[in-house]
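Shared chain: subunit A. Partners: subunit B in the first complex, subunit C in the second.
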Partner chain A sequence: MPVALPTSEPSAAAEKGSSLWHDAWLRLRKNRLAVFGAASLIVIAVACFLGPLVTPFHYEEQQLDLRASPPMAELVNIYRPEDLSAPFSWSYVARLRVDREFDRTGDAEAAFARLQKGESVTLGTRIYKLAPHRHILGTDTLGRDLFVRILSGGRVSLGVGLAATFVALTIGVVYGAVAGYFGGMLDTVMMRIVDIIYSLPFTIFVILLMVFFGRDIYLLFVAIGAVEWLTMARIVRSQVMATKRMEYVEAARSLGFGSRRIIFRHILPNVLGPVIVYSTLTIPAVMLLEAFLSFLGLGVQPPMSSWGVLIKEGAEKMEDFPWLLIYPGVVFSWTLFSLNFLGDGLRDALDVRSSAD
Partner chain B sequence: MPEPILELRDVKTHFPVHRGLLFKQQAGTVKAVDGVTLSLGRGEVLGLVGESGCGKSTLARTILQLVPTTGGAVILEGKNLTQGSEMEVREVRRDLQMVFQDPYASLNPRKTVFDTLAEPLRVHRICAAEAVSARVSDLLTRVGLAPRLMKKYPHEFSGGQRQRIAIARALALNPKVIVADEPVSALDVSIQAQILNLLSSLCRTMDLSLIFIAHDLSVVKHISDRVAVMYLGKIVELGPAVDVIERPSHPYTRALISAIPRHDPEVERGRRRIVLPGDPPSPINPPAGCTFHPRCPYAQERCKAAFPPMIGVAPGHEAACVRIGEI
Partner chain C sequence: MLRFFASRLLQSLLALFVIITATFFMMKKVPGGPFDSEKATSPEIKASLEAYYGLNKPLYEQYGDYLKNLVRGELGPSFKYPNRTVNEILADKLPVSLELGLLSLAVALGAGIPLGIVGAIRRNTWADYVASAFGMIGISVPTFVVGPLFVLVFALTFQWFSPSGWYTASDRVLPCLVLGIAYAAPIARLTRGGMLEVLHQDFVRTARAKGASEARVIFKHALRGGLLPVVSYLGPAIAGILTGSFVIETIFQIPGLGRAFVDSAFNRDYTLLLGTVILYAALIMGLNLLVDVVQAWMNPKVRLES
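Presenting the complex of A and B:
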């Protein structure tokens, strides 16, 4: 029998190896920016999906009297004396200060002091009382709570980002892997089809889809995914072409494995690194596309919102009500930065060249 | 000679060379393997030597049908592999396995040793599901690795250990023939001997036949029963290992052998190296006649006419040179 290696000790328990995925995970954990990005994304996602359930306002609830109230404005409920059960109108302290009716009372400052202490103030036929809630990010031009709209818009934006990326990933990986693995004429035909679809103007493609199938948010996922998979297919194809020449793929062929097993079990796990990284960079691209489509009126329809819609609306009112642009913009940019940090971190962590050999 | 298990009959593997980006034109053909006839006996170790680029690795891949064959026949136990359907070839190929040159590239980095060895057993249903683990342990023990390492990944092993894993994988399907394509040239010299000993003891204990490819004659001499010397896609000399290395007949073999340094300083001082002028010619456009003639110190006008047939030198020892008796 062959020489036993010095490592063979009598212990029979199998030693656990550390996989490349595990090593990559350890490297990723050391990358502070990537961890920060991942943590941010989790916070944003949890807030978007759970937040609207616990806030006192609903995203389509309009308070037309409170149009464009600034962030953290102290809300005031206004009652008629005959009906104290529900306010008949709303306002906020800063606006009341410039209200002429309020001024006529003579001692406006004393009235505001009482109001802000929580006491009710009777002025003419109106009773004013401080409301228990505030709109922490203010309201939009229809008096809807901006914070809740950002959170519920985030559901749409993140949902579109994830779903469309998933569609792109599935189609692109399978298509690219088949083209790259079999090569030859099949590859040529498949990639020329990709080129042709690439050359179609995206907007027209989406408009056609919308016209034929009606406006539907799920269709939006599909439409964006149907465009984004092209780049994914090209990336996967080139990676597969490089990997299929590796000796372990030849070894798999000489062991008599079928093409499907070789592609999915041997080649794809080894090309997933660039694919994962590209996916994290596709999500922000998709979210921007959704914003663009919504801007054209092809995306989500009111009263639903998305970050793209909010930013578009904010940009229109930027001079008068800057918070309508600033807060959605900050949340959107924060998300994009987080995704990019995470993507960069993943790229470094999954890089084969930097992995221990 | 024992009854052959594997026969190559005039095997040719040519690759087209394309030129142009849009309108591809065939600019030529690389004749990587150009008419190789060989036979491998049961339990025999055949060494295949030649310099880089002479087609050794392509021949190995041709035998395993990993590259399409241009002509000739690869016959394993009477079945011609070049004419079978994909499914048939896959079936027959179980009896024919390969050990690759670079153990750093030949193991899937994302699979544990256990997965690498268990996959062929499962795909080909070599043994019952509950016996897989025991069979993997057995394979690892056979190649001198501790079974407790089976949950580890390739990057956690040294080059020599990886090559042992690659050998274990080749053994998984109980093959009859193993083609080892320079299995030791990527390894440390101290490890080379271990792997060579492992291969030759496996051949004896498991009744394997082995085609052992190398560019190093001293390695081949150590392990082979017979040696074939390859030059530019053709076999130029074939014979028992000791004969070929002690009494080389073909001028090319002589030059190769003269390049081996000797252990004994006395002999080494007297060693006269035959230095071949020039580089090996391009396999796209090989010289007419004997492909070796532009570099051959004994070349004559008639060498340019046709590639010489194999001529017997001694029993079982033949060389492709017209001047065998004269030089």
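Presenting the complex of A and C:
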């Protein structure tokens, strides 16, 4: 157990009653990479869950005239004179230059200058006007806003990561606690089962599940969670085995408490540290697996997006439109970085072994 | 040692049997068969197809037949490619994937171990930080991002390599590099940790005290103990490289086992799917067994515990 910081008044630390967590928090705060990771995660999570509500575009909205427009392209709304309320088509300045349509006005440069000042340019039966918004990361090949798709894809990726980790956490903790607490024959059988499942090629197992039972996103949670619980069960078991010999557990038992109460009230709270650390490191592993499946076309299905789906689409189109690969790839990698940094930091702050030496 | 080996072998065979059985029955339980194509098949043709593949027999009999054939090494005809057996298809694809896997493993060990050693003996210097940063990048940036990016930069922009295919020696470079780097990162991390632990031990101090050169201390004395964590990681790494090849073979369009597996899953080519699963499972578990034996040979503690 991490001991309380040596203070001149030991009783003060004891009175607070949360000194272990407080110490861990202090240690974590000193780890700059972990703090950076945590801050990044908060920014990414808030952006993903609230961002799509405030952006002017919807993740399924297609502007087919704006297929694969580059990031920050200056959008141009094109109106018909009879209907100035809504544009009937879109383009962007760079493409208008390539198309040389404005050459017909006689002085193309003057027309562009007027357009970029916000004035409208009339050409035949079309009226061109600079649009109020830009697609800051461009659009995909169906004219959908990439930024919004990354944000809403993040909801799915983060959601899968959290949900599947929760499944793994629940199964692993209960299984490991029971095996570790009761020990003996039950423990041997239970852990032998874990060993056998452990030696199965689990990626193949998840792929088979996805193939056989349809590409359902809820099944994805369960399938991934069902393979990620094994390590959790092992960790919890060994922690429980060490904890159950402590005097306070014996005291609880001599007071006549039942096994269930002893496991959940007395032992599990004391193995929380490693469980939290391992959960933090499971989330990136799960997100990676989800993206891996989606990349193969076996995970989340369009039009829903996830970071894996976006990277897959980007990889297919990268020759002509590299931003479709680069931005989703950067956001995904950044998230994994942050989770790994935070997980490492938490391990250093909470872990029994590393704080002992 | 023999007992250790025998018990691991038995466990692997049991696991393999579980995989075969579970996959077989899952496959039979799913709605939608391989002959439900867009083309309407007349009931007579469907019936004769099913008779040809033995699908009209009761389930347990099909299962028994499959196991009997499997023991003889026969995986049956492919559903999708009727004139080829699963054995032929796998024999085509396996060497490609093995080559990809072995070369990637060589890249992973060849880059990871030296980086880890440098990180450990030059601890907390810039060399260590560079190695650690590389490790973090390798762990956090997945192969399906690195792969397309490498294609974009080295194949499409600089045109040093062709973006896909598996014909010439230069076609091997990008796929093996991408897959190898992903596993070099954790290997570097583990080597660094293992070496740091060993370098503090008494026998290393003794070796230094008797005047052994620094190179001899590191390579002759410390490395054997320092690499133990790497050896125990090799099992998961091999499994990861084999399944990682699904993505690599898709990105670089390599005609290997990984693509065959994913394609057979999409095509519902059940015999091919089952055959690939069995082959993969046998490969992974066989190699894991090998790793266990190497580990037991390198570390007497493991032998005693079992």
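What we mean here is this: the second predicted complex is superposed on the first by the 295 of 357 C-alpha atoms of A that agree within 3 Å, B and C clash if a C-alpha of one lies under 4 Å from a C-alpha of the other, contacts with A are read in each partner's own complex, and residues count from 1 in each chain.
Basically, contacts are C-beta pairs under 8 Å (C-beta built on N, C-alpha and C of every residue); 3 or more make two chains touch, one makes a residue touch a chain.
Since we're looking at a predicted model, the values are computed, not measured.
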Q: Once the structures are superposed on A, label A:Phe36 by its partner contacts, choosing first (subunit B), second (subunit C), both or neither.
A: neither
Q: Would you sort A:Leu288 into first (subunit B), second (subunit C), both or neither based on which partner it touches?
A: second
Q. Once the shared chain is lined up, is A:Phe182 touching subunit B (first), subunit C (second), both, or neither of them?
A. neither
Q) Where does A:Pro322 make contact in the superposed view: on subunit B (first), on subunit C (second), on both, or on neither? A) second
**Q.** Partner chain in contact with A:Leu20 - subunit B first, subunit C second, else both or neither
**A.** first
Q: May I ask you to decide whether A:Val211 touches subunit B, subunit C, both, or neither, giving the answer as first, second, both or neither?
A: second
Q. Which residues, counting only subunit A, touch subunit C once they are in their complex?
A. 195-196, 199-201, 203-204, 207-208, 211-213, 284, 288, 291-292, 295-298, 308, 311-312, 314-315, 318-319, 322, 325-326, 329, 332-333, 336-337, 340-341
Q. Which of the residues in subunit A come into contact with subunit B in the complex?
A. 1-5, 7-9, 11-21, 246-248, 250-258, 261, 265-266, 269-270, 355-357
Q.
Give the list of subunit C residues in touch with subunit A in this complex.
A. 11-12, 14-15, 18-19, 23, 26-27, 29-30, 136, 139-142, 144-145, 147-149, 151-152, 156, 239, 242-243, 246-247, 250-251, 261-262, 265-266, 268, 273, 277, 280-281, 284-285, 288
Q: State the interface residues of subunit B toward subunit A in the complex, per the touch definition above.
A: 61, 64, 66, 90-91, 93-94, 96-98, 100-102, 104-110, 112-113, 119-120, 123-124, 142-153, 155-156, 161, 166, 169, 172-173, 194, 197-198, 201-202, 205
